[in-house]
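Next, two complexes with chain A in common: one pairs it with chain B, the other with chain C.
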Partner chain A sequence: MKKLTSAPALFAAAGAFLVTGLLLAFLYAPVDASSMGFSQKIFYYHAPIAETALVAFGIAFVAAILYLRDPDPKWDRLSYVSVRLGLLFSVMVMITGMIWGKAAWDAWWAWEPRLTTFLIVCFLYTAYFVLRQVVEEESRRATYAAVFAIVAFIDVPITFFATRYMPEGLHPVVIRAGDSGMEGSMFLSFMISMAGMTLLLAALVRADVAAARLKDEIDDLKTRIGG
Partner chain B sequence: MGSRQFMAILRKDLIRELRTREMLVSMFLFVMLALVIFHYAFGVDEDTDLTSFTGGMLWVTFIFSALLGLNRSFAQEKDEQCLDGLLLCPVDRVTIFFAKMTGNLVFLLIIQAVSVPVFTLFFIERSYLADIGLFILVLLLADLGICTIGTLLATISMNTRARDLLLPIVFLPLIVPVLIAATSATTGIFADGADLGDLAARLGFLAAFDAVFMVAAYGTYDFAIGE
Partner chain C sequence: MSIEEGAKFVAAAYAVILAVVIAYYALSARRVSALQRDVELLKAEVEKREAAGSGD
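Right after this comes the complex of A and B.
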């Protein structure tokens, strides 16, 4: 019960941080002085979401290693839930990135290395679910999923590195505010959004793991009464 | 890792293949057909300059033909329960991995040795004989990455319900970094002679990729091959 009650607390904290971050981004942080102007505001959402997606995949990676060391279903649940949330956040990265791309480069899609990396990441972790789908036996499914979660996470930074080898498209790679040192007010707004998004992930992981555990328990009970 | 067991498994795979030649023949025909299809798909006439696409054409073809071979190499083991026999032998799982991986690498190299000259005849105008050593190095390093990841994932795929259907879905997103680096390196060699700095960076990248995933496969193959 205690774990279930802490999820709402995390959600509340995440909500408070995210709303504060949003307000600060629009009211306190100045409009970006470079060519990006107002469209730079999406940065306060886009970058924290991207960071959170990678954190989620990182959690899945660690949980997968823990599962292989000690095959306890709780690690598999944590890994599975984290991949699912990471994928959700990755899709949001793509959507916010495309919106920003439309504003900054006047094109919904440019083969910008970071955006391309997230596209490949989306395919990579969608494959994770296909893999889980085609293995019936539970322990085997968990083991294969863990192996794939490990290999996939190692591939993410490598993919990002490799995408920079591609010839650049028509669109310039815009250097973001984050790369070149932000102003204090921008930095504060950004960090608060970042904290809010990370808390949101923590809350979602917690709630989702609890739900997954309940589902496993129900399945267990069902098989016991011969369902 | 026992070198005698390694040689025994590798020899088994090579002899089996030399007797039936089913993998090599189908892989080779696939490559040749792909090249003909490329010619028509791109609508090539005398004025078309394909140079900037040649690396990509070559590697797309190799990666798909490697997929064919990888699937076969484990389908055979699985069909006649050979894998179970292999697992009963007092052999380290990792030895099985390296032997199967080397077998796949040898087959891919044989295919390349035959098809690269044909590809050159079809599509390359410039003589790249001066850079042939570098080109072979690109082939070797990229093949090693393809076979390392491919062997690990083919083992998992074969143990699932989807079998050979799963491999492309899990393999292709992971191999994107190799494809990018190998493609740009190869195009560089075909186009205007190699820019040594760029080429060295890509070769280093491929070598690092191989090393990282070799370690990852070493650590996880026990779990991939099952009990």
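Right after this comes the complex of A and C.
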């Protein structure tokens, strides 16, 4: 079981799902009949990356709560790594979204609810790293970072539901409860890409937590040496 | 928008994703191997000092 959830196995599974999703998106799913046309193909990775970014911030939120309940450095490591990966995925969402926006709306950027709230998410979690840099004492840094990760998470559901509760924006609501909002072949391609992106996040979290653990081990060994 | 025009945007978007993921993976792999090397060196140093300490 451990082998199936090791980082290399997860990376391999993620790669297999992502490649399959991509092949299905281009060879199986039809070209969108709306005005978006071929540029809609960006959706098959753009939307899963966005959902995965929000999941990463969710993991950081849960790990931060767990740290405040039980100040074990492993929760701080998980929270920190999840925020970093969430931010990485958010950057990819912003860039691919801008490219798609240019193709679909002929504008790189629009101050509409989803884009604006996602940008705020990026700024908030960038501030998380600034906070970690300025607090030197380890346990205080972890506590402040945990509180910040919990507070910053408030913007995540706002971002997710922005298109549903503020429908005046440009972002369409594709998936609704009980309705995938797309053709079967499109939905299959999307779901496989979604699974691939989730596995990629799991693999990266696992690998980065292992790296963070090594870094802590180095600090511990340096303390023992006295340097 | 024609398929040719749309394809440019699609290619650009997927190229960005691929570049970011590969760059992050490569940097992570490099960082992990450097950290593993440091851990081994420091462990050897600790063992050396502990052996020297017990020999006194």
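The rule is simple: the second predicted complex is superposed on the first by the 199 of 227 C-alpha atoms of A that agree within 3 Å, B and C clash if a C-alpha of one lies under 4 Å from a C-alpha of the other, contacts with A are read in each partner's own complex, and residues count from 1 in each chain.
Just so it is clear, a residue touches a chain if its C-beta (ideal position, glycine included) is under 8 Å from a C-beta of that chain, and two chains touch if they have at least 3 such contacts.
Fair warning: this is a prediction, and the values are worked out from it, not measured in the lab.
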In the superposed arrangement, does A:127 touch chain B (first), chain C (second), both or neither?
first
State whether A:54 touches chain B only (first), chain C only (second), both chains, or neither.
neither
Which partner does A:135 reach: the first (chain B), the second (chain C), both, or neither?
first
Between chain B (first) and chain C (second), which, if any, makes contact with A:149: first, second, both or neither?
neither
So in the superposed three-chain picture, is A:103 touching just chain B, just chain C, both, or none of them (first/second/both/neither)?
second
Output check: A:217 vs chain B and chain C. Expected answer is one of first, second, both, neither. What do you get?
second
Classify the contacts of A:159 with the two partner chains as first (chain B alone), second (chain C alone), both, or neither.
first
Quick one: classify A:39 as touching chain B (first), chain C (second), both or neither.
second
Applying the document's contact rule, which stretches of chain A touch chain C when the two form their complex?
11, 22, 31, 35-39, 41-42, 45-46, 49, 88, 91-92, 95-96, 99-100, 102-103, 200, 204, 207-208, 210-211, 214-215, 217-218, 221-222, 224-225
What does chain C use to touch chain A in their complex?
1-3, 5-7, 9-10, 12-14, 16-17, 20-21, 24-25, 28, 31-32, 35-36, 38-39, 42-43, 45-46, 49
Of all residues in chain B, those that touch chain A in their complex:
149, 152-153, 156, 159-162, 165-166, 169-170, 172-174, 176-178, 180-181, 184, 202, 205, 209, 212-213, 216, 219-220, 223-224, 226
In the complex, the residues of chain A that touch chain B are 68, 120, 123-124, 127, 130-131, 134-136, 140, 143-144, 146-148, 150-152, 154-155, 158-159, 161-163, 165-167
